[in-house]
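Shared between the two complexes below is subunit A, which pairs with subunit B and subunit C, respectively.
What follows is the complex of A and B.
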């Protein structure tokens, strides 16, 4: 009787634990998601000031910024920058990861650390450094300077995820392809690349997002005509705060959500999380 | 007759380590050669040198009358079955097997027929649309084999292909591989550390040690007339009796100095080893045979190993011998019993290296 009671309390304890864990999960989730909900909520308010919960429902704030060419310019600058910086990061980062994963040489660890270092350096420092550097070379505050800066900050994501996907890769697969008559590049594109593709895609999507939301680095390199959307927002709220700013913010959130959704459909979030350790 | 594979003084160094030490080898068309040795003896490096994954530091590799020493793997008329199988995980069995013909630009209709034929040859017809991850180890092994032989290479290189399989399956695959070899007429070069595997399948065995081929011969030759102690010890079970060699070349058993009817003139005044296989030693008192060597001994251990009994004896002069006897008859022997260990003189083999 007593033993049975013990089993029952144990089960009860387990159940309480599970409920508590679930509850805690939801609290964290709410904590993380609430700001987004507030932003999106505010973006549809009919009032002329920020108000949450929103009063009524309107899309006029979206219409307002979408009809302002300077916002559209900023959005397209950001998008083009994110895509190009990611493309460059892939071109540089994937071969880097291949070398780091396969070649063994003196200073290998140091080189790996160098390629991952932008992760730990504050972007604001990088922004100042890029400005100085580009200034000395005569291309300060240009699209080129911005592209270089963004490539540098997104490269670690590409290198990191590609490296992770190469950990379990058997080089004998490439050898088998060569053995069966394939050229070196053929073996890479037919065998190696498809197998490590999930890691590369994950890195690329992280890179796009990191570039898309960057304020600090971009800020140092903007002009009135060259401005990314996060910097534009940052400038705007220094002078006025109205629901349009929420609409613009919400729009950048939608883009990030779409990117993550693509990630989940093409590779699967689980795999990305796993390949990221 | 010219050799299909010809290795001329091939040497491979990795820094201070010599993986291949002046290896020369000639393999005839259609032969089944086993490269046998413990791990680290250079057998896989030798295979990879022929496949084109390792460029020798010195020496030449010739295949089918052409020097291929510096040719990349994709331009050599050889195919490899890898130890890990190396099947492409993102391709189906069919696409894995079709990989080689596709690279050579064979017409799709022809490829379809060839893949079907290759699948049939390894008994995997019903698995064409599976992915490697959905196959067992033995099935993956067959696919790897089919993927290589579809190209009809001049030489098929096999790197311990059965190493990951369980004993039963391994034995079955040994026979299948041998049959396949006979049917295809392709030259097989087979790396293994398992002497039994080499003995079962190979026409000739190259025993390797420390980057060299220490002996090349048929299984029988290598078992009966090993070139040195290393080979004698590596292949099968062996009694290796240390002997002193007199100035005139006559052998004396050490310790004890019992005179033996063998001679080793090339080691006169030095030492040699006498090899006797356990199954060549009898312990019946008198078999009536002449020209025998006999040593009085005492049984100190009898071990039952399934199909035979191993009898460990110690001679009066203190040498240890192992005898292998068929199961019946050995029951009478118990530790402490005196016997006479006896073998035909011709069964012994003198090793000076």
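What follows is the complex of A and C.
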């Protein structure tokens, strides 16, 4: 009897535990989404001050920032910077990952660590370093200074995801192609590239977004005429907040949602998330 | 084949290593360019910098603890409890979307939530728990709230990537042998997930130590952390040498703490023994 009671309480305990965990999971999800939902909400309020839940519905704040050239300039600077830094990082990072996955030589591990190290070094120190270095070489506060800095911080994402896609990849496939007379580059484009494509896509998307949202590195090198959108937002929000700036912020959230959707459709978000250590 | 590494190595050497070496050298020079330890003497003799460093580490430690307390159960739920792939993808989408949004926007969201007329104060007043809105923003707690929100996705992703690869037959074996779910979790699953917890807490801690945007917005400049002092030197005081010193000091003290943490873990008796 007592034993049976014990089993029952344990079953009950199990069920309660599971329900509690599930409830907690959904609460955390709400918590993760809430600040973003709040920004989108206040961006459509008809009041001149921030109000959540919003009062009424209007798109006038979006119209207001879209008719302000300084915001459009900042958005285009950020977009061009993100695309260029990503292109450069792909050019440098993909061959690096291929070599690191295939070739075996002394110092291989140290080299892999070097390519991933921009991930752990504080971006604020990186920003200061780039400003100081570019200053000494005469290109401080220029587009070039930002481009090299952004490229350095996004390279690890490309290297990491490409490396992950090469793990467990049978080099014998490529060797077989070669044995059958396919030349080196041919084998690469026909065999290797399709296999590492998901890794490259995921790495490129990560790189674009990391550059697009960066503040800490950019703020050292921005000027009144060379401004990225997150730095512009940051400078504004520190002094005042209104529904118009919420509309600009909400627009950047839509970009994030679109990129996450692309990531999910092309590679599968659960796969990317799981390989992302 | 190794020659393929040359362009990327040259790039990192020119725009990553060289700038860092330059900062390290600059920290050891005075304004005239002469070698000197004066910057370090100035930083270490002023109690203000020690207090700032302490506040920075205290905020980062709280942030790491909160991110773990919130992130671990969510990671466990997503990877080991949710069986439906569509729901799991939905969870991951909600975890990753904030990560893809600038910390400016995310902190702004908290500003709206925690402000005097924000959702949290409205709810508190409406429920009768408080008579008038609480000053929730611009405090150390506000910085921890903002930072832990920013960091939770990192913890979730790092822990779930480890949880996912744990051999489930081990937990099943423990249960077959009569261990309850809780005991199984404490003696099998949790110890096996420790590498993820360690990696996640290191990522969260180091990112928090150097965070600039969130502490600035959430504290309204009222709580000064190291990154703010560094930017101040570079952005408005224009004392690059002293700025470099503060940057090196932050980097080195963080590395020492991280090394100490890893050493402490190595020395620890194997997890789970004390429970079993």
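Note that in this section the second predicted complex is superposed on the first by the 257 of 277 C-alpha atoms of A that agree within 3 Å, B and C clash if a C-alpha of one lies under 4 Å from a C-alpha of the other, contacts with A are read in each partner's own complex, and residues count from 1 in each chain.
Simple rule for what comes next: a residue touches a chain if its C-beta (ideal position, glycine included) is under 8 Å from a C-beta of that chain, and two chains touch if they have at least 3 such contacts.
Fair warning: this is a prediction, and the values are worked out from it, not measured in the lab.
In this superposed model built on subunit A, subunit B and subunit C occupy separate space and fit side by side.
Shared-chain residue A:194: touches subunit B; no touch with subunit C. Looking at the superposition, the partner that touches the larger set of subunit A residues, subunit B or subunit C, turns out to be C.
When the two structures are aligned on the shared chain, A:243 is found in touch with neither subunit B nor subunit C. In the superposition on chain A, A:54 makes contact with neither subunit B nor subunit C. In the superposition on chain A, A:180 makes contact with subunit B only, not with subunit C.
By the touch criterion defined above, A:203 lies against neither subunit B nor subunit C after alignment on the C-alpha atoms of chain A. Applying the stated contact rule after C-alpha superposition, one finds that A:219 touches subunit C and leaves subunit B untouched.
Subunit B and subunit C, viewed from the C-alpha centre of subunit A in the overlaid structures, lie at an angle of 100 degrees when rounded to the nearest 10.
Touch criterion met: A:42 reaches subunit C, while subunit B stays clear of it.
After superposing both complexes on chain A, the closest C-alpha pair between subunit B and subunit C lies 14 Å apart. Note: no residue of subunit A belongs to the subunit B contact set and to the subunit C contact set alike, using the contact criterion stated above. Listing the residues of subunit A that touch subunit C in their complex gives 10, 13-14, 17-18, 21-22, 24-25, 28-29, 31-36, 38-39, 42, 50, 52, 91-93, 95-96, 98-99, 102-103, 105, 111, 114-115, 118, 120-126, 128-133, 135-136, 148-149, 151-152, 155, 209, 212-216, 219-220, 230, 233-234, 237-238, 241, 245-246, 249, 252-253, 255-257, 259-261, 263-264, 268-270, 272-277.
Interface residues of subunit A, counted against subunit B in their complex, comprise 170, 172-173, 175-184, 186, 191, 194-195. Of all the residues in subunit C, the ones that touch subunit A in their complex are 1-2, 4-5, 7-9, 11-12, 14-16, 18-20, 22-23, 26, 70-71, 73-74, 76-78, 81-82, 85, 88-89, 91-98, 100-113, 115, 118-119, 149, 152-153, 157-158, 160-162, 164, 180-182, 199, 203, 206, 209-210, 212-213, 216-217, 221, 227, 230-231, 234-235, 240, 243-244, 247, 250-251, 254. Within the complex, the subunit B residues that touch subunit A are 51-53, 72-74, 78-80, 82-84, 86-90, 99-100, 103-104, 147-148, 151.
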